[in-house]
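Every chain is named by a letter (A, B, C, D, E and F) in the order it is written, and numbering of its residues begins at 1.
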Amino acid sequence: MIYLTRRERFNAAHKLWNLDWSDEENKAVFGKCANENWHGHNYQLFVTVKGEIKPETGYIVDLKELSVVINEEVVEKLDHKNINLDVPFMKGKLASTENLAVAIWNQIENRVADLGCQLHCVKLTETENNYVEFYG
Amino acid sequence: MIYLTRRERFNAAHKLWNLDWSDEENKAVFGKCANENWHGHNYQLFVTVKGEIKPETGYIVDLKELSVVINEEVVEKLDHKNINLDVPFMKGKLASTENLAVAIWNQIENRVADLGCQLHCVKLTETENNYVEFYG
Amino acid sequence: MIYLTRRERFNAAHKLWNLDWSDEENKAVFGKCANENWHGHNYQLFVTVKGEIKPETGYIVDLKELSVVINEEVVEKLDHKNINLDVPFMKGKLASTENLAVAIWNQIENRVADLGCQLHCVKLTETENNYVEFYG
Amino acid sequence: MIYLTRRERFNAAHKLWNLDWSDEENKAVFGKCANENWHGHNYQLFVTVKGEIKPETGYIVDLKELSVVINEEVVEKLDHKNINLDVPFMKGKLASTENLAVAIWNQIENRVADLGCQLHCVKLTETENNYVEFYG
Amino acid sequence: MIYLTRRERFNAAHKLWNLDWSDEENKAVFGKCANENWHGHNYQLFVTVKGEIKPETGYIVDLKELSVVINEEVVEKLDHKNINLDVPFMKGKLASTENLAVAIWNQIENRVADLGCQLHCVKLTETENNYVEFYG
Amino acid sequence: MIYLTRRERFNAAHKLWNLDWSDEENKAVFGKCANENWHGHNYQLFVTVKGEIKPETGYIVDLKELSVVINEEVVEKLDHKNINLDVPFMKGKLASTENLAVAIWNQIENRVADLGCQLHCVKLTETENNYVEFYG
């Protein structure tokens, strides 16, 4: 068993906002992250898969194929988008890094399995000072 | 003469949008950067000042004082904001990295001079793959 | 279960020195790290916590609160200090990265639990070429 | 139990090439990575060991000794070399990052044990966008 | 006048080898960089252009167009190639970082001018410890 | 004319302290940087030289020779040292980044000239948020 990680990037806008709360409650809890007109980030996404090395290629999986999956299911849907408004798979969810990491896992888990390996970790970096890891 | 650089950071939303153009023209020219619901970035700002070393402190300028100026005039007005909607000094300007760097220069030039040194360069990094430098 | 990491930084002086040994022994074992007049580092501290996502915030824990804990218990006591001389929680301990990581764990474990999540890992980077991880 | 990681670097040429396949098959599977005249990378190697902290040094292991092992067994054999042609321990193996990480593990496992700690992970970074981890 | 920089990357093999010298002379001068079977690097290329900001776009130049020029003239010809053997514009030149930076300048200078701005600097990073800058 | 930069690193302790001032004055001006028992940094030093490319090597200067000069004149005298107490060429000078950059320039200027090129810039990074550049 060996682990392979691919980094992809996307730039998106969001705000932390609970639709069940008043403006005051949102600002009290989320502070500047609840700025009504949004703010944004350069997100870095690290997808780690695990599997056996295939002897004829030396690969767990072809990185190009893994990259296609991540781009089709995640990057194209998030890059230069508003996470709260434009992203079907985040509809109705609070746009936190935690929720986004879990949603990204769900977007790619089956398609990674179709490549003959297993999704191990989704790591999502929001700033140089914070990131989230989800292992399913 | 010696040069001193201070890095500060802010996370903001924007879109590239010329208010004199139709939606189609904006999308044709700016592509995904014209997403109507915004996108965003982790901006890194590098402010370089120049001056003589003061013999009693070994400083060109006290970094804490330079940081206060940059934070008061730039970071507090941009961090967790929408550059197109929330930032008085960007009002009526296209929210490109180039225009933002020039506007930041104008925000701090005089206050840097009040600290006893001279503003030399404003460098603004939008992604790991592009940045702008303005020397006045 | 999801994992969240916060990075904080501090700059400190130290030397590797066993008080039970002679100068010669210290220099033989620790080499240049035993320079009598100290040396120092820009330490990077990565604190990882784990927990369930709270549905009303999308958070494991509020990063601002986690940052307050790390700053009060660790950063304020280490930043711009001498690890061997100035830091009560390192008193009597060899100022190695390993010992420092364990001591930082002990400083914050209970206060992290009070925030409603669980401390998972303390990672401490001393240079770009070495770091230590402690999982309790 | 605590974990210590040492980073080392080497610059090497390679190509992905299965000797049992025709040129066409190699190019179909490996694409530009099968360029006949080679290409190359700045590899970063992160070796993580685990063990108990020795009370008289505060160390799991002396980093200088760990670095000697990695340099003698790995870096000197790979740095400024062709992985396919010049490296005895890669003879007959496809020069993928996965195979290289496993081979590096085998090169150092026993010598790390001789230092009084246990090899935990070999992480090998090929580009800023991909890396492999092997835990034995 | 404002400056804009675009980063691109390529991975290539090379050796430092003067064809007029014997093997012994090459090895005496270039050391391990003269390994006969090549070695390689992850090169980072920073192309800086200068010009006036166009009021209708806020751009010096469209980064996408600049990126196309760099990719067509430089990256596609160097990425996953052998600099000594595969790159027409390096034919007959020693494959040093200095010579490569000058050759890249010559590859793109006119096409950058066609975009309505002026080439200012080609910066080429070979490892994390060395880079070259050429200003024409 | 082309520019070549070499990065070297050193880890050192220091404090900002004007020997002509009282403790109170030092603490009022330098704040936590005046901690009596020192603090420290991982300094990064970037030395830029300029010159013509020598046709037989493709080099401005042999990086190995430049590295020897920087190590002999700077790194060996600063690494794992106390800048205020242990470094002859900083004797009697305030241990600011500005003063250290100028002193490093003076240490290497002539020896760089002996290598057949010209010293262009000494850049010294103290933390990820501040650095100094000196051009003589």
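What to note about this one:
Following the convention adopted for this analysis, a residue touches a chain if its C-beta (ideal position, glycine included) is under 8 Å from a C-beta of that chain, and two chains touch if they have at least 3 such contacts.
What you see is a predicted model, and the numbers here were worked out from it, not measured in a lab.
Repeating the C-D interface, with the same residue numbers in over half of the contact pairs, is the pair A-C out of A-B, D-E or A-C. The distance from the centre of chain E to the centre of chain F, with each centre set as the mean of the Cα atoms, comes to 29 Å.
Counting partners per residue, chain E has 128 as the residues that reach two or more other chains. Chains that are in contact with each other form these pairs: A-B, A-C, A-D, B-E, B-F, C-D, C-F, D-E, E-F. Across the interface of their complex, chain D is touched by residues 16, 18, 20, 29-31, 93-99, 101-102, 128-135 of chain C. Considering their complex, residues 1-8, 48, 53, 55-60, 62-64 of chain F touch chain E. Across the interface of their complex, chain C is touched by residues 9, 11-14, 32-33, 35, 37-42, 79-82, 85-86, 127-128 of chain F.
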